[in-house]
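Two complexes, one shared chain (chain A), two partners (chain B, chain C).
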Partner chain A sequence: MAEIFKHIYPSKYFNDYISRNVRPDGRKFDEHRDVKVNINAITSADASAAVKCGNSTVVCGIKLELAKPKAEEPDTGFLISNVELLPLCSSKFRPGPPSDHAQVINNIVSDIVMNSKCIDLKDLCLVHDKLAWVVYCDLVCLDYDGSIVDACIVAIMTSLKTLLLPSVSFDAETEEVKVDTSARLPLKIHGLPVATSFGIYEHIPRNIVLADPSAYEEEMCGGVGANLIVCWNKGLFCGIQKFGGSNLSTEDEKRTLVLAKEISKLVEGVIETCIKNDKVK
Partner chain B sequence: MPGPDLLSSQGLRLDGRRPNELRRIRCKLGVFTQPDGSAYLEQGNTKVLAAVYGPHQASKSKRSETVVVNCQYSMATFSTGERKNRPRGDRKSQEMSLHLRQALTAAIKTELYPRSQIDIYIEVLQADGGAYCASVNAATLALVDAGVPLRAYVCACTASMAWQDGDPAPLLDVGHVEEAAGGVVLTVASLPSTGSIALMEMSHRLHSDYFESVLSRAMQGCRDIEVNIT
Partner chain C sequence: MVPERLQDFKLKPLKCELNFLSKSDGSAILSQGDTVVLASVNGPLDIKTTSQNIEKATLEVLFCSKEGKPSVADRFKENVIRNTCETAILGCLYPRTGITLTIQELENYGGLLTCAVNCACLALINSGVGMRHVVAAVSCAVNEVGDLVLEPTQQEAESARALLYFVFDSRDKNLVTGFTEGTFSEDTYEEALVRCRLASDFVFQFYRDVVKKYSNVI
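What follows is the complex of A and B.
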């Protein structure tokens, strides 16, 4: 009965819940969903992580390749991230080339990872102007239930933390490259950016801020892409994005910053525990 | 003679299995919330996800008196040893999508849903040989999870041929290493409960005397898989 009402009149269904200070899945406005992390699930990838934020599932696989650095930057390697929103993950996405939404998410994730400078690209260069690592991070979304940027960032950071680079020997005279996959060294990661999404729902008298919106809540708050995304990097504020959507008052904005900081601490704890447990095994 | 090293002197294959042993199968239904039906299947190291949407209204160009089955086969870029640049849209994926569609259309009761469309999406997370078979098995489970009426389960299996002391010994469920070693690979998708074959494919040379034994080994594999996943 409730499902049918939700389909016919989604805005009234949502309004009924919000006016009683609760969300359709029972959470309070400030609560975020459980985060589950699993690493090394994909053995064909050099590093992998699978993350579930509530029902949103993202798998990240990292593949390494060698290439010649660019001529204008002869001592930097490459870090290329790619987010794939498959038609498998939601009926909103049709098969074919990446939609606008997918490209925007791709850009946001790439910007957050590059601007946080968590990886020094100079560490990826092996031989000046001759050989550098290319780190391809492919994020595949398997189940789209809102806050996909949060899940992507956790997945990509966890897999980068567990990535081990093989040692490479390069003979300068013969230009011969020898890769030794048995001797692997971890990559140096500085900081750990964590993003938190918020949806802003238009309500009289004041707009309401919902932390970690699900797909249904995202639709009610102005559609995909109208979220407020806040990033914290180990206690340092590192990014905020809001593209359109409803208005946000300044006290709400201050509150979201504080909330995002707490959530980022919890998520960091989850990632560290997951990696530590795997090492103990 | 092809494949002399696929079977060791003790009768064990390259990964330690006996010739008539399947790889370990693990599967789970209903893994995702958005699709109407979903399934995750592991066959050895090959990991495949299937999602089914439908039946829903067909797009205007595709209306017909029976249901239109739309399949998309996609491999993740990190699924193979070398990074795969084009996950879908290349010729191999389109051929696989077509084969999947043919095998599954044989099993779905298409006359029950005129002017409707069923979308089946397959994502291969890790490919270690037999990705097509794992996809067919996962798609069957996802269709069951979505509640789509089927005539019978569709199960697919591969079989190969090796020689032990001059006697032919058909191998069941070939992995990537055995495929690459140059053996013959026969892929069969069948409806085991009725004993009929939906799809059969082999692109290697095999003497016709041995074909029957390889085919019957593959059919036996399909029956075993059906018992395992139901």
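What follows is the complex of A and C.
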């Protein structure tokens, strides 16, 4: 009965839950879903991670390539991320070239990684103006159930933290490149940015802030892309983004910033423990 | 924090002309400093059934850069403008229709996106589409010393440690859209938000002046 009601009156169904201070999946307003991380899920990739935030599932694989640095920046390497939202993960997405939404998500993810300065692109350069690493981070969404940016950031950061760069020798005269995959060194990572999404639901007398919204909740809160995304790295913000959706009052905004800090600490803990456990094995 | 007076703020000089285009339902050309943007609104129009929404009007935004080549960055700008304007428009008045908003960049000397959002808002006012509230975009830079600079010039933006963009509504000055570049502390963010919120009054006042100027002509 409840299922039919949900389809006929989607907004009323949701509103009834919110007025009773609970969300349809039984969570409290500020409760986020469990985060599960699995390292080296893809053995053929140089580094990989599979992340589950509730039902949202993202797999990240990193591939390394060597290339010549850009002439205008001869000391920097490349970090290229690509988020794919295939029809597999949700009925919202159609096959074909990347949708606008996928492009926007990709832009947000790569902006957060770049803005947090967790990777110095100069570390990726091997020989001035001759040789640099290209780190391709491919993120594929398997199950789309909201807060996809959070899952993408966890996946990309866990993979980068476990990435080992092979040692490369370069002969300046013959320009011969030798890659030794047996001796690998970890990439330097400064901090660990974590993104936290919030949905803002228009409600009288005041708007309700929902932490880690699911796909259904996102739809009720103004559709895909209307989330407030807060990103912390080492006690500093590296991105606060909100595109339209319901308006946010000053008090609510302060509360979300505090909440985001707490959640990001928890998620950081999950990633660190997971990497530690993997090393013990 | 000591509340600052409005006169303490300096925004770039704003100049605007409404009804710049003869064939569109609403149009505006806006210059903020040396940055110039042209926006045109058409609608509510008939659109193809797949993109129709039974609850509200569908807003389509097209951002044309000076170079003319579409890029991922343009999609991002379109997304920002579309989501921002969607909250401002009373879309439920025009279900199953489309409103198209085309924005053409003419000159870019920094602050392109804030200029584009403000210009889009002026074009929407001019088109007569029902609106919940108007929106004003203000940007702010954090320089190397850690001081805040409102409406940075291109040089200031390039050397800045962080750039913060905010869009406020005219009713309660709530945050509609906000996005940032670079890293910054919580205090900086709060201060920037307060300052930009106060400075948005300038933009709203400018909207009023523009509409007043044109109201006996329209």
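As a convention for this text, the second predicted complex is superposed on the first by the 281 of 281 C-alpha atoms of A that agree within 3 Å, B and C clash if a C-alpha of one lies under 4 Å from a C-alpha of the other, contacts with A are read in each partner's own complex, and residues count from 1 in each chain.
FYI, a residue touches a chain if its C-beta (ideal position, glycine included) is under 8 Å from a C-beta of that chain, and two chains touch if they have at least 3 such contacts.
Computed from a prediction, not measured in an experiment: that's the story for all the values here.
Taken together through their common chain A, the two structures put chain B and chain C side by side without a clash. Contact with chain B, but none with chain C, is seen for A:E84 once the two complexes are overlaid on the shared chain. By the touch criterion stated above, A:K117 is placed in contact with chain C alone, chain B being left untouched.
Working from the superposition on chain A, the chain A vertex angle toward chain B and chain C, CA centres, sits at 120° in steps of 10.
Once the two complexes are laid over each other on the shared chain, residue contacts for A:T76 go to neither chain B nor chain C.
Once the two complexes are overlaid on the shared chain, A:V104 sits against chain C while remaining clear of chain B.
Superposition on chain A places chain B within reach of chain C only down to 11 Å, the least C-alpha distance between them. When the two complexes are superposed on chain A, none of the residues of chain A touches both chain B and chain C.
Chain contact summary for the complex, chain A toward chain C: residues 100, 103-104, 106-107, 111, 115-117, 222, 225-226, 233, 235-250, 253-254, 257. Those residues of chain A that touch chain B in the shared complex are 41-45, 48, 55, 57, 59, 61-63, 65, 82, 84, 86-91, 95, 136, 138, 140, 142-145, 215. Against chain A, in their complex, chain C makes its touches with residues 72-73, 75-76, 78-80, 82-87, 169, 172, 174-186, 189-190, 193. Contacts from chain B toward chain A in the complex involve residues 32-35, 45, 47, 49, 51, 53, 72, 74, 76-81, 83, 87-88, 119, 121, 123, 125-128.
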